[in-house]
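Alright, structures below, take your time with them.
There are two complexes below, and they share chain A, which is joined by chain B in the first and by chain C in the second.
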Partner chain A sequence: MKNSIENQPLLEIKGLKKYFDLSSGLFNKEKKFLKAVDGISLEVYPGETLGIVGESGCGKSTTGNVILRLLEATEGQIIFDGKDLSKLSKKEMREKRKDIQMIFQDPFSSLNPRMKVFDIIAEPLRSHKVAAGKELKNRVYELMEVVGISKSFANRYPHEFSGGQRQRIGIARALALKPKLIVCDEPVSALDVSIQSQILNLLSKLQKEFQLTYIFIAHGLPAIKHISDRVAVMYLGKIVELATKDQLFDSPMHPYTEGLLSSVPVPDPQIRDSKERIILEGDLPSPANPPLGCRFHTRCAYADDKCKTEEPQLVEERDGHFVMCHYPLLQGKGVLVN
Partner chain B sequence: MSTNSAMEPGTSMEEQFEVSKGINPWIRWFKLLLRSKTGTTGFIIVLTVCITAIFAPQIAPYDPDAMNPANMNAPPVWLEGGTSAHILGTDSLGRDMLSRVIYGSQVSLLIGVFSVIVAGSIGLVLGILAGYYGRWIDNLLMRVVDAFLAVPNILLLLVILGIFGSNLITLILVLGVTNWVIYARLVRGEVLTLKERDFIRAARSIGTNDRTIMFKHILPNVFSSFIVISTLSVATTLIIEASLSFLGLGIQPPTISWGYMLSTGRDYLATSWWLATFPGLAITITVLGIIFLGDWLRDVLDPRSQGRRP
Partner chain C sequence: MIQEQEKPLLDVRNLKTYFHTENGVVPSVDGVSFHINKGEVIAIVGESGCGKSVTSYSVMGLVGQPGKIEGGEILFEEKDLTKLSNGQMRTLRGNEISMIFQEPLTSLNPLFTVGFQISEVIMLHEKVSKKIAKQKTVEMINKVGIPNASKIYYSFPHQLSGGMRQRIMIAIALACNPKLLIADEPTTALDVTIQAQILQLMKDLRQELDTSILLITHDLGVVAEMVDRVIVMYAGQVVEEGNVFKLFENPKHPYTKGLMDSTPKIHERKEELYSIKGTVPTPMNMPTGCRFYPRCEFAMEKCKEKAPELLEVKQGYHVRCWLHEEGEVNLDEEFNRKPATT
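And then the complex of A and B:
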């Protein structure tokens, strides 16, 4: 699956920053910024799923919103298909939106309560005047079928559906324009566990069927493991580790990733007891005032003085395995190698 | 309710239901109306008032301006001294109260409904623009709103009416122009919260243009609060019109409105209470009817409450 690495990336993010201005008041001259995304770079290759994982407030959703220009980037480039999205005019961007779509987290807020399912799914097609009349109708019914919703529900309103069904409607809407890239912003975290896997399987099926590329944002590792080819771990606005799924889950190199992996509940008690649990202590520091040096040092079990003063860079420690740490864990299980 | 696609006859309940729904929108709406007691009551009241206003010359037993010095301040028929010739009694100049209340409905209804329409449309449009675009448009419009709120409405009315004179059209326009701010405020607030909802972000990420977002996503979702405020405003407008009459800047005699009758009847409250009571009652009942109707309309427009349909 992953020989696509040699291909041209479909999306390339370079030094992306998104700062929110926190300074308020007319007479307050002091500028304060919340650095939601603080200089991240990554590449997404055609046909792959890049998972972005991190705690709430680490900037993963902001990244997704900036890619779609629902928020304007403070700095950096978002090169999609050879064009920098952040520099496109409103009109050019509108054209480009056909190729990038989004699936939202909350299926109860992402569908207009006053629109019928048919109109919701038809909206992208109407907005871009792709289809009309009979053709539009057929296309919408086709999309409903693809995501597994009976077309007899076309005239119903969103409130008549369950969370999973609503998410399917959201997916149908995202598929309507045959996009190349879909940004999935925590698409399953609002759903029941049993429904989660259904939606994840649907997303995988659609990816094969339509050669889609996903950026899959989530805070839960199980969903990420299920669907991703490569995974980026974000902490306080930065990518701290970027690797293929197997590399990341088998031998995480960043202490934060290790902590995240260790926090996933293990169903088998014997395996659970044999594993040493690494508990991440403390809370996420405020992104308005991130710690100096390595951002993770306040919660890291291995931190020393160097970590408190010097900020590490994202370096490729192994083939395709990037980590931002002075003392990456090289054997996975908590063995510190200097 | 825009795309009511006639579906192929199918076997499932849903499809049958959808088809039966698509027959005739008028009949469908009427059936929906009959299902709600509030809606029906409101509809009957409003319809009655409208018919009264339109056919006032045919319905009224007397000329509303015909004076009869011999029969001044006659009480209603059920009181001592009342006659069946003047069911609601007569006023201080001996004019038939019933005929006056009937004729008064014309002007009151026109002012109440149209000034709310004028104010509502200005407020709705500006509120949506301010809330949706934010930034300087929002700042500018909201400062204008603040300015309007800072000046007492009645003062503003006095100045404008003093300059332009008072007739039906100016009165409607002026009442509309001075009242739009409450709508603008309300709508803007609603839009601000709506704007953060995912479905608006979804529409933007799809590439839907601003106009469509405002019409298809925002407008239908602010409509219910808008309807409620509008129907309540009809009442306030009628009262403001009454106070204008009281100050001599409202409807000028011989034209009559309920508000005018209310304010002139005030002087005789101690002796002939019916002079103010009947126009007041007429206002109350009309406003109640409009509120009922608005309530029903709000319910029907909300897809979530349509589960009550068969």
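And then the complex of A and C:
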């Protein structure tokens, strides 16, 4: 990370909202919305990895899609490199996408089955007219080498590769235009453990090599913890806690984060009897109909009447540690052991 | 502690389940042996394609075309399940052995109420009246921790959340008090807070009903949390088997060790992550000799040529690896002794 630009965020999201219209029927006057992302703000600094974690329906993937404008935001600003992406025309946005790329979850559906590996990786270079001819060829081979796929596979089709190798191809494609920011949407969730660690290590290596900034979206807490510098925890469309990795995993301040951390099974049988478990009761409420007041109050062990009526704000409780809770935990139970 | 049993509840011996595909024979399960004692919880752990699910389907007699059990015995209370007719298997399934699957939405029938689906099992196996079956169903729904059981009885699967559906699946599986429950990735499709609830429920019910559980999973965390004994599978074979505490403290097979070291752990401050090089071999390019040797840090000349047998390195602890041929070896020490060959 360069010190001179450390304080200037690469990406700044302000009050971002994404509502999906659920109302149907011609004569149905009542408007219903699914508030997938409901007013989130965050900053991403150059060279860091920001992890976004949460359970299904919390809006983490929608956030990623909205940043790239694969979905249009309902409200809010996405300031990248000093420009508000949501105000750009299609053409300007196209130009900006060179700097922001995405890696998808499912390496089986995100690669065109009818294209050869060479063409998949070359496509961004061709469509942005960055390279052609010999230069293009060299660049593609270089990218293949960087992600650890042999040049001799250039003329093969995606179905000939395993999941891990396909994810490598997807990473090469994302790197092709030398982006500044890569949004990784569950890049390792579909992979086996031994392949997962290969991809996580590859992402870390590439980050150092090319000074990349990552937004790493995942539901798996161990992977998030491994790769992130800072972590945002989302619950039903809101960021409920945002902190550095150590702060979050050592002393979570939101009761949801505490419960979430505690529910991850630890691969050490010695711990199972000694560990005090906090098991969150109940189910996730539907994001189409979130609870009033604090969204987490239906499952929270600490909730009182205030939580049922008044919605808390995201407040900086400690240095760089933001929490959305009326009664932030001062001694939240973390999971790190020495 | 579990008392020593003279006869295990389930004893699988040299099981071979092959799939006859257009591209040749795929030996998904290639000579697997293991046993489960009464009241014991064991896990088969491994990555996709290692044969863990096919093993469990073989026990249930659910291997369909083009798969076939080619050899071996599956002794359940000393009866060989591979020799039973379909009809005999059907009376056994759901009654004495039952199974819960990964994806509850595809395992429940969307056209019937969940109450009907639970009571169907009870009526079929216990030959009781509708009324008694219904009573028992409501009791089961309560037991799996769903409030408001008499109302839930009339719900359809789509009206319930993922966690509730998995609870219903567990209710169906346990309705007839089976002796063995096979759980194939029961929490993989669930969110982590719901997973914690389901695992807790399985632990509680196990205490209450004294059912043996065979857990199929890829998640070492779930294994460490739940089971007494672990079986690690790789490329259709058992590579390590032993007590959960011993296995996690000091894995003996390089694959088990690699798997553990490459799992990101939520509770450790360690930054670097080990990764096993290469990928799982496909049946078409199965290495001769030890199946793991192309990916193994400890591989020797011998491994290339000769496949190791599953050896007992200490009481009740088995490893398939040449390293332990002349007695047990500690992999960490062994690794430090050898110059690293990255």
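Everything below uses one rule, namely that the second predicted complex is superposed on the first by the 327 of 338 C-alpha atoms of A that agree within 3 Å, B and C clash if a C-alpha of one lies under 4 Å from a C-alpha of the other, contacts with A are read in each partner's own complex, and residues count from 1 in each chain.
Simple rule for what comes next: contacts are C-beta pairs under 8 Å (C-beta built on N, C-alpha and C of every residue); 3 or more make two chains touch, one makes a residue touch a chain.
Since this is a predicted model, take the numbers as computed values, not measurements.
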| item | value |
| --- | --- |
| When chain B and chain C are modelled together on chain A, clash or fit | fit |
| Which superposed partner A:Lys116 touches (first chain B, second chain C, both, neither) | first |
| Superposed arrangement, angle subtended at the Cα centre of chain A by chain B and chain C, nearest 10 degrees | 80 |
| First (chain B), second (chain C), both or neither touched by A:Arg94 | first |
| First, second, both or neither for A:His219, with chain B first and chain C second | second |
| Partner chain(s) touched by A:Leu68 [first = chain B, second = chain C, both, neither] | first |
| Chain B versus chain C as contact partner of A:His159, first or second or both or neither | first |
| Partner chain(s) touched by A:Pro267 [first = chain B, second = chain C, both, neither] | second |
| CA minimum distance (chain B, chain C), superposed complexes, angstrom | 10 |
| Those residues of chain A which chain B touches in one complex and chain C touches in the other | none |
| Chain B to chain A touching residues, read off their complex | 2-5, 7, 10, 12, 14-15, 18, 21, 197-199, 201-209, 212, 216-217, 220-221, 301-304, 306 |
| Contacting residues of chain A [partner chain B, same complex] | 65, 68, 70, 93-95, 97-98, 100-102, 104-106, 109-116, 118-119, 122-124, 127-128, 137, 152-157, 159, 170, 173, 177 |
| Sites on chain C touched by chain A in the complex | 47-48, 161, 163-164, 191-197, 199-200, 218-225, 244-245, 248-249, 258-260, 262-269, 271, 273-276, 279-280 |
| Chain A to chain C touching residues, read off their complex | 55-56, 162, 164-165, 192-198, 200-201, 219, 221-223, 225-226, 249, 259-272, 277, 279-281, 283-284, 335-338 |
